[in-house]
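Common to both upcoming complexes is chain A, partnered first by chain B, then by chain C.
Up next is the complex of A and B:
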């Protein structure tokens, strides 16, 4: 097999994997803060992409103004979702809370494309289209920019856990009731986690939207984000990076090598197979904490 | 009022375990059955095939999913994949010359086998992980069906279902006949599920739903019962898929069993009411009818008032409605339409007094 081709697939896949890690970051943040799996993360990424398109292309704002605006809007959306829906579900069975996030996902997937249209929207952020040559290998510029931005954002979130708010979040994730009893405002911490995951989802939506266009398929990010989050371990931020790279490279290699054999479409199930294998072999992921249950 | 229950006067366990101890419930059931059976006689053929038939089949599927979600407390986000396995297996059996009844049962068995393989994979984990594993199952089964030509006949192909022939002798060609076949399956499944909650099996499932490791402590083998819940539920799903293929679609394509259908089924179960048979039926009818009614209403509104509602918005309203219904019911009435029905019934039961018991 052609080594250069494989290397090219792996490199581009690794960069795309970083996008996935960005979606997974939101899932991990919310899971760490409140023990809730957020199945609406993909839809949040889609909303971020749509809002960015509406501001940058529809309203004609320059990118340097539109992008911060999108992030602010999405932070607000995350906080509002937590306040209006999730907080009222506190104390319910996990199955109910998972279903409510799925309800949010479905509703957003109906409302947003319904308002702005389901056709693919071009989101131009001024990233060049010319590929970069690395020896014989071609690297997609948009992937490179997106990968670097994702890396920076994930790095920032690691740093964030060292700040005051980050320590609060860690305390809440460790033991909500203990955190509450020492005067930490648990609700605020959880709302903060939702806000930040709105921002990370929006960043992923904008980055990926500028590559493939904005439409409802951005919400399919959910499966990739879940695959990364589960493979890395649901409560581990560094695990995200490793898992993101693994998922991205695996997806790219499998799609590049198997698609000609079986006739396309393998890209979509790599994440599903990774989820299933992780759950079977190592349910707590590569870096996750092992939970022990006692009666 | 309608209900009369002046004191509990059971003198034997049989009387105490009666499914419908109240005379009113028994009469209502009789009326409902008569109405359901005579539907083809007084409902026009268009409404029969477009409304009554699919509603009966979706109610069957929703009951199967409800056994798993409401009975055993296991989330399943890939139930449409289970139905797809049943549909494809039964249609292939039917095309190979197997009689209709055996083909449907074969579809159920295939779905139960594959469904519980995935279930067993997910049994090491629960809650969130289980939900995500079944989501993964949906994608993998979709892919398998679309990309193995031996199953689907190619990703764009349509597979014609053979016509229904009862016992290999009685051909069922009319819409009414197909409706009655679907109704019979629905009644069998419903009476099975009504009785499950009264058996030891149903009580074991309930303990697992409430706390699975506590169930383990009091001697319920939670692995075994979870697996059998997956098996039973997937079997019902497979049968429902087979009936869907034979009686309603009559030609199947992979697109009929995508993730959106799974979500629709989950919405039916939640809106209807977890763990309730009548809830599954109400939920199926509600989720099936709501977007159609809304669309009709909106189109009428657009025509009447010259409102500028885009085609895009109309096309996306069903999804938004499902989502809003799931959120709304979970927030306001987590036990769904069945609980609302139960509240009304209890109110009338003790009328003119205000409290029960």
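Up next is the complex of A and C:
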């Protein structure tokens, strides 16, 4: 095998995998806080991309101002979704709550392009298009920048769990009733998790939107984010990192090596196969706690 | 406020689109209204392609209606969204048939393919402009499926012909990469490319990417290592812009990169106007605001506030394609009413009218086009154009290429349809 070819596939795949991990991060945060898999994370990434485009291109704000604003807006959207929709579902069966998050995903996929238009929109973050060469291997600059940002955000999330708010979130995650009984405001902790998920989703939407343009297809990140979250372990932030890299590299290598043999189309199968195999063989993922059950 | 206005505008557009082009026709005798069904993809894959194309179609009808229509009849556009889904396309088709549409222009290969049996059975004109199955060029087999435009086999043949001419010593022994969306649309040119590779002795490398094509890095790694002399990309919407961006990133020379009709100012805008300088496309309709019909639309429709969309999009490649194709449909109606002025016009009579269009160029917008009962493609001519950073500049005159090969394949495939119905 041509090692430079495989190396290039693996490197770019790893960087793309970090984008996936950023979407998976939102799923994990909400799972840790409320025990529910959030299936609206792809649409939240899409909304983040659209809001960034609206502020940076439509309203003409500079990127340094538009991006923090988007993150604030998306934090607010996450909190509002929790307060208005999810909190009403308290006490319902987890499957019902998961269906509600799926409903949010579908609704946002329809409504947001309806408001801003379904056509692809250019989101320019000023990232150069010239590639970087590592010997014979080409590294996509946009992927590199996105990968580094993802890495930083995932690292900050790990650190967050050492702060007071993070400890509260962990306590809620461990046992909501016990957390209540010691005076922790569980609703606030869950709302915080939704807010942060909005921010991480928006980051993924902005970064990927600058690569492919902004349109509804950003929401397709959901499947990739789910694959990463499930493989890493739904309650493990460090697991996300490993799983993101694995999923990204696997996708890229499979597409690069198998597509010419079978005639294409293998990339999107990888995430589905990973979800299937993980749930069948190791439902708690690579780093998840063993109590996770199949839903 | 801006968002609310957009939301309200979107809702209103959905309600009003069906009657947007029927200027002054609401109270008119329904028999004197010729209805064109435009179920298209506004929300899934082809998004801005459709919005610009459809805007051009409706603006042209507004121009014709504003001038009093044709032969005592005015025109109405019935617009629906099928989201590029065959099932929704079939539902839209049935609804439009009930509403009296004489033509259906689905602007989607998967939807058009799904509609072929119904249109053939119903004797309802299925217009597969720049889309659909290429063997529909054979009018004797597909009397009610009418491309009216160079189908994908002719586009691919013309692109390869240009590359052959532009390469010193021709394509013999050279490498040509074909990067395409892995869908019926992307796969459509493969037979003609394979045949031309054999005929011209060049090496064809094929590189599919999964729909919608948001992530193509592994594909372009392979393309770069293939070291092609020429590259053809074949997609639309997100897949096309990502392909273009990846090609630029991977150092594929832009003046050695070409595509069919689906590349526009909007695509270049998304990727970067300067970064895409030099890219080539097959142009079946002149772009820009210079063609007379486009200038007329600007002065008689847009300037009066009757435009169907943003003025900035008037004159773009996709917009002009919509205008050109609608001009052909209206020309077909004119010929049908000239032969028999009785109203209402029927789909069968319109069919005869469209299939007798002769040497029509829409005042310079189109290559001279002649449709016959046998040739539904209209000659298959177009021209190559290059993006100069601000606009498409014609690199050749109108021409068609390898039509002997294309028609050999058309007849072979249409024969299969006659035998199997597929």
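Please note the rule applied: the second predicted complex is superposed on the first by the 291 of 295 C-alpha atoms of A that agree within 3 Å, B and C clash if a C-alpha of one lies under 4 Å from a C-alpha of the other, contacts with A are read in each partner's own complex, and residues count from 1 in each chain.
Rule of thumb we're sticking to: a contact is a pair of C-beta atoms (placed from the backbone, for glycine too) under 8 Å apart; a residue touches a chain by one contact, two chains touch by 3 or more.
Here the structure is a predicted model, which is why all the values come from computation and not from measurement.
Trainee: One more residue to check, A:213. First (chain B), second (chain C), both or neither?
Mentor: second
Trainee: Return first, second, both or neither, reflecting whether A:256 touches chain B, chain C, both chains, or no partner chain.
Mentor: The answer is second: A:256 touches chain C but not chain B.
Trainee: Of the partners chain B and chain C, which touch A:82 in the superposed model: first, second, both, neither?
Mentor: In the superposition, A:82 touches no partner, neither chain B nor chain C.
Trainee: Where does A:100 make contact in the superposed view: on chain B (first), on chain C (second), on both, or on neither?
Mentor: Touch partner of A:100: chain B, not chain C.
Trainee: With the two structures laid over each other on chain A, which partner does A:235 touch: chain B (first), chain C (second), both, or neither?
Mentor: In the superposition, A:235 touches no partner, neither chain B nor chain C.
Trainee: In the superposed arrangement, which partner chain does A:16 touch: chain B (first), chain C (second), both, or neither?
Mentor: second
Trainee: For A:131 in the superposed arrangement: first (chain B), second (chain C), both or neither?
Mentor: In the superposed model, A:131 contacts chain C only, not chain B.
Trainee: Which residues of chain A are in contact with chain B in one complex and with chain C in the other?
Mentor: The answer is residues 113-115, 117-118, 263, 265, 268 of chain A.
Trainee: Would you pull the chain C residues touching chain A in the complex into a rising list?
Mentor: 2-3, 6-7, 10, 42-44, 47-48, 51, 182, 207-210, 212, 214-215, 217-219, 221-222, 224-225, 237-238, 241-242, 245, 248-251, 266, 269-270, 272, 275
Trainee: Could you pull out which chain A residues touch chain C in their complex?
Mentor: 2, 5, 8-9, 12-13, 16, 54, 58, 113-122, 124, 129-131, 138, 140-141, 143, 208, 211-213, 215-218, 220, 251-253, 255-256, 259-260, 263-265, 267-268
Trainee: In their complex, what parts of chain A are in touch with chain B?
Mentor: Counting only chain A, the residues touching chain B are 37, 39, 85, 88-89, 92-96, 98-100, 102-111, 113-115, 117-118, 223, 226, 230, 234, 262-263, 265-266, 268-269, 271-273, 275-276, 279-280, 283, 293, 295.
Trainee: Under the stated contact criterion, what part of chain B meets chain A in this complex?
Mentor: Touch list, chain B to chain A: 69, 73, 75, 77, 118, 121-122, 124-125, 127-129, 131-133, 135-140, 143, 146-147, 155, 213-214, 217, 263, 266-267, 270, 310, 312-313, 315-327, 330-331, 334.
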